[in-house]
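Encoded as structure tokens, the structure appears first; notes follow it.
A, B and C are the chain letters, set down in written order, and residue numbers restart from 1 in every chain.
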């Protein structure tokens, strides 16, 4: 069987398309690369969606934490403490154990029945945990950036008569984002790395559709050789990381485009956030 | 443990719970907390040493060393630590035994790799097959420490490299002007001043390390996650203390443990930072000076 | 993937123990009544008793080691222990990479256990442990396979409704069903899979294999193996 045929058969296997049965014989390099690559689609799915939703929530939480009102500040502080203070691994486990306790028949709300059983599936449950987790880490980064906005910028805004919402939208928020971006890039990289934990998280794989590590461990189970599949996963992640650095670098340049070239903040790797 | 626990079937309520929580398995569970703390205590300095080496190499004047140092620090950036853990320990284990094999059994003619089998002479087994179980545990633990230290050493190298760069150049130039040699400048000026810049990064690293310890079970160490899973799973009457699935409670307990560790670390590290800032040419040091006046 | 999880040592022999090479017995410790970790924190169960007996007969010093199921064969290959004695069914696929002794449990039935006897075992969601022959069977036969790392989780999945039924060795499920107070029932039909349960060894360890084979033959002959099976699995199981 040619390699192209293998790609056609298994390229989207993790999403449920193509051959129903996983390869039982041969276990060629091509099969391993294809299936593990197919599993990477799930890692990318988890990473991209968690990052997008997490970004939105993080803004709200960072603002709440910077708020003068204890009613807003305290919950935000607790949220950040709990998700940053405990291992993601444990969060996954707890989430799965808690989500399967939800009633199977759905929850009655105002006479309507809400289906909740899908929450215990990896695509929703694990995504939920990753989303909350990255929101907490990102909120802390944004909160720090919010506090280090130069005083002069705010005073200048006041002097121009910019206040309220437009002050926030035109001065505070863009500056916060610019200051936070290098740290946020690292958060994004580590979030993608953290998606590998989904495999160990207790959320089961359905129909043999799983993430990159799922297929890697399938091949280890069949070939009894850990020295090929796992390095393939590592290879894919290096590619993914390079792509992320490229994309975030472009955004960083755009955020800094108004500054003279020597005072731009460069993207620098600082391992401040990882789970 | 208690004499009243001799017949678990007859126990009820609190006394059942008390006996249940003091079974040999639970005692192992409690000990495993010590395993985790020991791992932290051993890994942190080891990783720091690896990081120090990495940072020094990355700053070296020789290109080859620089490439090794920078490559090492770049490693953690691309590869998720879990993937690394999954195959590195077995590779390290086989590497050590391969080396021992070369040393101890030079006359061995059978191939070491026979298909997928990895077979060294019995004398090269580390630890020896007939060694006490304790040594097998210790060996497994040491492999785990080395693996953790390698990964987190790369993080530490990053932090220390940044901190070394952050020490004001004038300080180093002044030292050179006094006629200090390269080594003297490094030991007497650069390293002592570097720590205050490195501490925030190292604090983060410590937090990361704490939160990475649940991954110990991937490295084959009987850690708290292993026991929580084992103890929490539902038990039939093949066991002395049958119970339904209690993993949720065990994991909640672990969660509380980790949150407490984080809180304590935060408080202690804030104090250390305060102490280190004393007399330093940084904003925090300046603030302390003003407050004291 | 090295997942050696270490348990207490056992010296099966007192005399001559210092001369004999220690045999390390690898098991999972999560599959009662085959093997499990008892409340004292030691490996216990049918296979513990059988293994100790065999070691005693072959005059070997044996030590018990537990490891996760999915790393159990690579760790044997890598020499972290010398035998697998973990309820492992003899299959052609496994026989290609490791050697098996003759079976010490006759080919046994695998069964579906569900909350409802009418559960759809052909087209529904079936839970099985990753890397078992049962998981392979479900994947090939049209039902939706949902995989878990430990056998305990597969049962939990049925209890909480995640899966319609669990598919595993009947001997493993039977005591759970008996104690569920009517919650669980058998569903579908029993299936014969594999060639019985045997001990796994490295292909190069022919000498050790012969010793264990001889022990199992002797135990089959004098009926002590049957007695042991009855003790752990009850009266309603297949005997030699």
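Keep in mind that, in the parts below, a residue touches a chain if its C-beta (ideal position, glycine included) is under 8 Å from a C-beta of that chain, and two chains touch if they have at least 3 such contacts.
Given the structure is predicted, the values throughout are model-derived calculations rather than measurements.
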Between A-C and B-C, the pair with more C-beta contacts: B-C
Middle chain, criterion being Cα centroid separation: B
Chain whose Cα centroid lies at the greatest distance from that of chain C: A
Separation of chain A from chain B, taking each centre as the mean of its C-alpha atoms, in whole Å: 25
Inter-centroid spacing, chain C versus chain B (mean Cα positions, whole Å): 34
Chain A and chain C, separation of their C-alpha mean positions in angstrom: 38
Of all residues in chain B, the ones touching two or more other chains: 86-87, 90, 116, 218
Touching two or more other chains - residue numbers and ranges from chain A: 101, 224-226
Residues of chain C touching at least two other chains: 1, 74, 77, 97, 153, 156
Contact footprint of chain A on chain B as seen in their complex: 76-84, 86-87, 90-91, 116, 155, 158-159, 162, 201, 204-205, 207-208, 210-215, 218, 225, 247-248, 251-252, 254-255, 258-259, 262-263
Chain A residues within the chain B interface of the complex: 81-82, 84-91, 93-94, 97-98, 101, 189, 192-194, 196-197, 200, 213, 216, 223-227, 230-231, 233-234, 237-238, 241-242, 268-275
Residues of chain C defined as touching chain B within the complex: 1-9, 20-22, 24, 29-30, 32-33, 36-42, 45, 61, 63, 65, 67, 74-75, 77-80, 82, 97, 150, 152-153, 155-156, 159, 175-176, 179, 202-204
Contact footprint of chain C on chain A as seen in their complex: 21-22, 100-101, 104, 117, 120, 202, 204-208, 217, 220-222, 224-226
Chain C residues within the chain A interface of the complex: 1, 70, 73-74, 77, 93, 97, 125, 127, 130-131, 139-140, 144-148, 153, 156-157, 160-162
